[in-house]
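Structures incoming, each one as structure tokens.
Shared between the two complexes below is subunit A, which pairs with subunit B and subunit C, respectively.
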Partner chain A sequence: MLNDLEKKRYSRQIRLFGEDGQAKLKKAGAFIAGAGGLGSVISIYMAAAGFGKIRIVDCDSVELSNLNRQVLHWSDDVGRSKARSAKDTLEGINPEIEVEALEETISKENIDQLLSGCSLIMDAMDNFSTRYILNKAALQKKIPLFHGAICGYQGQATTVIPGKTACLRCTFPRAPPVTTFPALGSTCGVIGSIQVTEAVKYVLGFGGLLENRLMLWDGLSCSMDEVACMRNPGCQDCSALIGDANYKQEMSK
Partner chain B sequence: MKIAMPDGSRKEMTVSVARIDEILKELNINPVEVVVAKNGKIVPEEETASCADELKIVRIVHGG
Partner chain C sequence: MLVKVMAFASFREILGRERELELKAGSTVGDLLDVLASTNRRFKEAAFEEPGQLREWVLLMINKKRIDPFQDLGAELHEGDEIAILPPVAGG
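What follows is the complex of A and B.
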């Protein structure tokens, strides 16, 4: 149920998907992996939209060179933990929601605990080795993973629904080399916004998702394109689940 | 074979049939940095492509 303040705060969204839809967002728990460029956009829009619980994780501190794109953090936050800075900003945007901000490095060892109570995984990482940890956790817990990544003017996004779509490893079998990537804040804005829109539609249960579709954004030509992704039967992350009866049933739908 | 390159340019390659990894090698592209879509679908690099196919080579971005 929404209180009167919430009804007023979310009135423009309630016009879109009703109080029932808004209540669904309120019940949703989102895990946001990273409080950098993508994590800033994702967390700000999720907080403003009224996702009831947001857990955001980042192990770094704010640096001056982050501020061109990491809009969660302001000049006065330089030197502070990104997690603390994120919590302050998000609670300022929406005090009606629960924000947990953790200074942790995501690992195979702690991912189960970090995801406890969350029903969505928002990928705002800057490397594929951690993304593969998120991918495996999503498959094991059968919760969606909303992937996004950027470099300069370019970005990509896809939505992984365990049991239904190609997983992240099916689409990207090997991690690309880690480099210091150029980053434009507005590219994070495009891709992070798409990820949040996907999460909203998933929670509400309507609209078409980026299922088995890799969306490609090119800011230089201002164009979007997409290519189809397919499950890889030999995928090292998701093929082990094929023996799972529920998974087989889902895949046959 | 028509090929859309990662930088948006287009190339035409005259081969009857070739594996994707061979095509990438010919184009001097590191396979770890890209995914390749054949006729709109991402395919593994062991897959072959023929002259009638259209390839799109997508550079994977990893930043956040």
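What follows is the complex of A and C.
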């Protein structure tokens, strides 16, 4: 399953989860929504870890003010499309994997096509209206959504497993207003790393996930808290798309 | 009665990490929010759309169970309850 170069490249991970585990990552296809601060950390660590296919989507171009946190893009990339810049960086990190980088705006209309062949959704968006599109798509396709968001020194993460956990809409029923948020690169580093760790454990099938748990990071006091999330039986997204009966079945297992 | 208020994200910068508040017996979640707003202008501006109307995206939990800020502000609090209040963080 793994060639000799891959065995060498991933040798420190193979110590953790064996060649079988590494082969599982190689088979996994991840959709990364956004190539900004979170998308940079997520895609770099997923590429380095050897997720076999990465599809990263962003409609913007690199700006100078992105560079404090968006470590996928370098000074020479200012003005280039983030998708192309991301592809170059990720292929440079790991030529063994397949990287697709698309210059698209995620919408209700194109999300199905964008997700084709991917079994994991990594949320690296900067707004809740697009996150709700990802949430619905995850529910429809019954694939996990690894949520993360940041603002300044603070961040949050949770893992949505359709049919099992609260969905993103259950936890965040209403979107906060879109603002130009302050951002520290290292906060993206903390939250994006948690999201990737969650995806690794999900693919390998072990460890404890952030299921029905919202993890809250406060870099200012250097503390991590968590609050419980609960399914909302009247949720406009998961109740309609999956149905309460399926959740009850899952809960009784 | 004594309840514990825990704030997260930007609300923590305004209210502090956690505090205990003495409330009259029979006080509701809405009463608690009024006390916080009347004693802290920054919190009032951050959490309320206009007096008495919480911003729709504010997340509230009593003893780790989420409550709807539109429907459940009349829920009665009890001695020792833990109330968490947080704004969703949205950036990426």
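The rule is short, and it goes like this: the second predicted complex is superposed on the first by the 244 of 253 C-alpha atoms of A that agree within 3 Å, B and C clash if a C-alpha of one lies under 4 Å from a C-alpha of the other, contacts with A are read in each partner's own complex, and residues count from 1 in each chain.
In the analysis below, contacts are C-beta pairs under 8 Å (C-beta built on N, C-alpha and C of every residue); 3 or more make two chains touch, one makes a residue touch a chain.
From a predicted model like this one, the values you see are computed outputs, not experimental measurements.
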Clash or fit, subunit B versus subunit C on superposed subunit A: clash
Partner chain(s) touched by A:D77 [first = subunit B, second = subunit C, both, neither]: neither
Which of subunit B and subunit C A:R174 touches, first, second, both or neither: both
First (subunit B), second (subunit C), both or neither touched by A:E6: neither
Touched partner set for A:E198, first subunit B, second subunit C, both or neither: neither
Subunit B versus subunit C as contact partner of A:L216, first or second or both or neither: both
First, second, both or neither for A:G148, with subunit B first and subunit C second: both
Contacts of A:M230 with subunit B and subunit C, given as first, second, both or neither: both
Common ground on subunit A, meaning residues reached by subunit C in one complex and by subunit B in the other: 34, 36-39, 123-128, 148-151, 154-156, 171-179, 181, 183, 188, 216, 218, 220-221, 225, 227-230, 232
Contact footprint of subunit B on subunit A as seen in their complex: 34, 36-39, 123-128, 148-151, 154-156, 171-179, 181, 183, 188, 214, 216, 218, 220-221, 225, 227-230, 232
Of all residues in subunit A, those that touch subunit C in their complex: 34, 36-39, 123-128, 148-152, 154-156, 171-179, 181, 183, 188, 216, 218, 220-221, 223, 225, 227-230, 232
Touch list for subunit C against partner subunit A, complex: 6, 8-10, 12-13, 17, 56-57, 59, 61, 64-66, 68, 84, 86-92
Subunit A-touching residues of subunit B, taken from the complex the two chains share: 8, 32-33, 35, 37, 40-42, 44, 56, 58-64
